[in-house]
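Letters A, B and C name the chains as they come in the text, with residue numbers starting at 1 for each one.
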C-alpha cells in the first residue's frame, strides 16, 4: 500500500531535490561548455576575422605577424567528407535496401551482426587498418612521384568511407524495417515487382530515417580526428591531388592544441566553431536534398 | 527508369554489387584484425595489456558514476516534473547541439578547462570527467526517449490511484524504461572504450600499473594510437598494436551480445 | 536545506580536484629532451623518493606549462625567446644537443650540403637523384609548429623567412614526436627527417652535413652545423625543483647526459 510514512516522505523530498539539482547541474555544465567554446574562439574571430580565417591559405601561428588561414584545411575537410559520403551512401543505402527487403532472414541476421560490430569499433582501428594496407600500397606504387608518401587524402577518404558505412546501414535498415507492411502489399497488389516497390515505396517511406542515417554518418566523418591523423599526413597542403597529404580541420586542432596559447589557442577554438557551422550546413543540405528527392518522383 | 527491364536489372545489380562490396569490407577489416592479432598473440602481450584494461575500467567507472545519476535524474525531472518552459527548452537545445560536436572539441575543452584552468594533473580522473561530459547529453536524451515511450495514460492512471509523483516515477516509470536506460548506458560504455580524441590530451601516458585514478595512464585506445605513431613506444613494438586491436574487437563483440541479452531479458519480463 | 546540499556537492568536487594536486614534480616540454629527462628522472627516483611525471608535448607546451605553473620544469629544445622569458621564466642550459638528419636504411645518399638540405625541405629539390641518390621521390618529414627541434632545425638551415614563417614545403608530412619521425623514415624508402642526435637508434641511418658527421667530437669542436642547447625553464622554483636541478648539474647527472649521447655544458 502506498501509505505516506514519515520515512517515505523524507525519501521523496530527498530524491525530488536530487532530481532538481541534477537538472540544474547538467544544464549548467552543458551551457558552460557551449559558452566556453564560443567565448574562447571569439577573440581570434574578432582580431583575425571570420572570413579571413576561412579564405586565407596561410597558417603560420609562429610568425611575427601570426596567420591563421584555414582555407586548405576547410577544403580538405569538405572534399574528403563529400567524396567519402559519395562512396558510402550508395553502397550503404543499396545494401540496406537489400538486407531489409530482399535478403533471406539468416543472411540478414549474420551480416547485420557484423555490421553492428563494425559500427562499434573504435575509429583508431580503422586508421590502423588503412595505415598498414592502403597507405603502404600507395607508397610502394607511387614512390617515384614527387610528393607521394602513402599518407594521402585518398587514404583519409578510404578511412572515412569505411567508418560511416556501418552507421548508415544500421540506421537505414532499422528505418526500412519499420515500414508498415501494408505499403509493400499495396504496391505488389498494383503489379509492381520487388525492385520497383523498394525504390518507389520503401525508400520514400523511410526517407526520414535514411536521411538521419546519412546525417549521422556525415557527422561522424566531419568530426573524425585520430584515424584521419594516422593516414592523412597532416600536411597543410592544397587538397588538389588525391595522392598528396592533407590536413583536416580536426587534425589541425589535435596537432596544435598541446602547445597553443593566447590567440593561437583561440584560433583553434574558432576552428571548432567553424567545424560546427560546417556540420550544421551539411545537415541542412542533406535535409533539402532528401526532401526534394522525395517529392520530385512522379 | 524503373519501368523498363533494363532499369530494373541495373538497379538490381547495383544492389548486389553494393552488398558484395560490403561483405568484402567486413571480411577485410575483421579478417585483418583477427588474423594478424592471432598471429602475433602471445601470453606476454596479453599480460602487458592488463594495466591498460584496468585503466580503461577505471575510466569507465568514473565517467559512469558522474554521468549516470546526473543523466537519469535530469531526464526524470525534465520529463516528469518540469514546466516545459524556456529554461527546459534551453537545456534541450544545449543537449542537441552538443551531441553533434566532434570529440576533439571536447578534448580541447577538457584540456583548457580541467588541466589549464583548474590545474588538475593529467590523469584518469581528468579523463573520466571529460568522458562524463561527452556521454551526459547522450544519456539524458536516451533516458528521455525511454520515458517518452510510456503512454501518458498509464502515468495518469497511477496518479489517479493516489500515488505520489515520486512513487509513480520509481515504481512505474523507471522499471518500464529500464531496458532503454540500460541500452543507453551500454552505448556510452562502448563510446568510452573507443574514445581517443576527447581524452588523449588529458589522460597522460602509460605509467606502469595504474595504482590511483589521479595518476596519468592510458586506455586501450589511446595507447594503441600512440603505438601506431611510434611503435618503439611500446615494449612489445608493433605486435602490441595488433593484440590491442584484437582485444578491442572482442570487447565490442561482447558489448553487442550483452545488448541483445538485455533486450531479450526485458522482453521476457514484460511479456512482449 | 537545498542550499547546503549544493554547497556540499561543490565542496566534494573541489576536494577531489585538490586530491589530484600532488607533491609530484611535474616536467613538461620537448619530445627531444624527454628521453634524456626520463633517464635523469629514473636515477633520481631511485636515489630519492620524489615522484616525477614527464609530459612530452613539445617545447612551446613546456614553456606554457612552466609559465602557468602547471609544471615545475619546462623542457625546451630551442632558444627561449625574450618575450617568453618575460613571462617570469628562468632558463638554463642542461646539455648540448646536435640534430641528426636521417634517411631510410636503403638510401645510398650519405651527405648533404646545408644548401641541399634547405632546398630539399623547401621543396626545390624533389628527387633523390638530384643529390646523388636513385630515382626516388623525396618524402619530407617534419615536426609540428610548436616543436623546438623544428624551430632550431629551420633556423639553422635557413628555412625561416624574415617574418619567422616557415619555408618548409607544404607537402611535408607533419608528425608530433621524435618516435613518429623515426617510424616514418624507416617505413618509407624516400623519406628524410631530423631529430635529436641523442634519439638515434641502431636502426636509424644518419647522414653528414657539409661533409661533417654528426658525432660528439664534431659537435664539441663546433664543426657540426646542426647544434643546439637543451634548456630547462622554471618559474619560482620550489625546493623539490631546485633539488632535482642540482642533481642534473651534479656529476651523476653529467654521467647520464654523456651516456645518452648528449654533450655536457661544462665541457665547453
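Here is the rule we use: a residue touches a chain if its C-beta (ideal position, glycine included) is under 8 Å from a C-beta of that chain, and two chains touch if they have at least 3 such contacts.
Quantities reported herein were computed from a predicted structural model and do not represent experimental measurements.
Viewed as a network of touching protein chains, the structure reduces to a complete graph with every chain in contact with every other. Interface comparison, A-B against B-C: more C-beta pairs in contact at A-B.
Each chain gets one centre point, the mean of its Cα atoms, and the points for chain B and chain C are 36 Å apart. Separating the centre of chain A from that of chain B, both taken as means of CA atoms, is a distance of 16 Å. Shared interface positions of chain C, defined as residues touching 2 or more other chains, are 175-176.
Residues of chain A in contact with at least two other chains: 20-21, 25, 258. Across the assembly, chain B contributes 229 as residues in contact with two or more other chains. Only residues 115-116, 118-123, 125-126, 204-205, 207, 214-216, 229-233 of chain B touch chain C when the two sit together in their complex. Residues of chain A that touch chain C in their complex: 17, 20-21, 25, 58, 60-65, 67, 72, 136, 139, 142-151, 233-238, 244-245, 247, 255-256, 258-261.
Listed in rising order, the residues of chain B touching chain A in the complex are 2-3, 8, 11-12, 14-19, 21-23, 25-26, 28-30, 32-33, 69-71, 73-74, 76-78, 81-82, 87, 90-91, 94-95, 97-98, 100-105, 107-109, 111-113, 133, 136-137, 140, 162-167, 170, 190, 193-197, 200-201, 221, 224-225, 228-229, 241, 245, 248-249, 252-253, 255-256.
Interface residues of chain C facing chain B in the complex, by the touch rule stated above, are 16-17, 19-22, 24, 26, 53, 55, 68-70, 175-180, 182-183, 201.
In the complex of the two chains, the chain C residues touching chain A come out as 1-2, 5-6, 9, 57-61, 64, 126-127, 135-139, 144-146, 151, 161, 163-166, 170-176, 184, 187-191.
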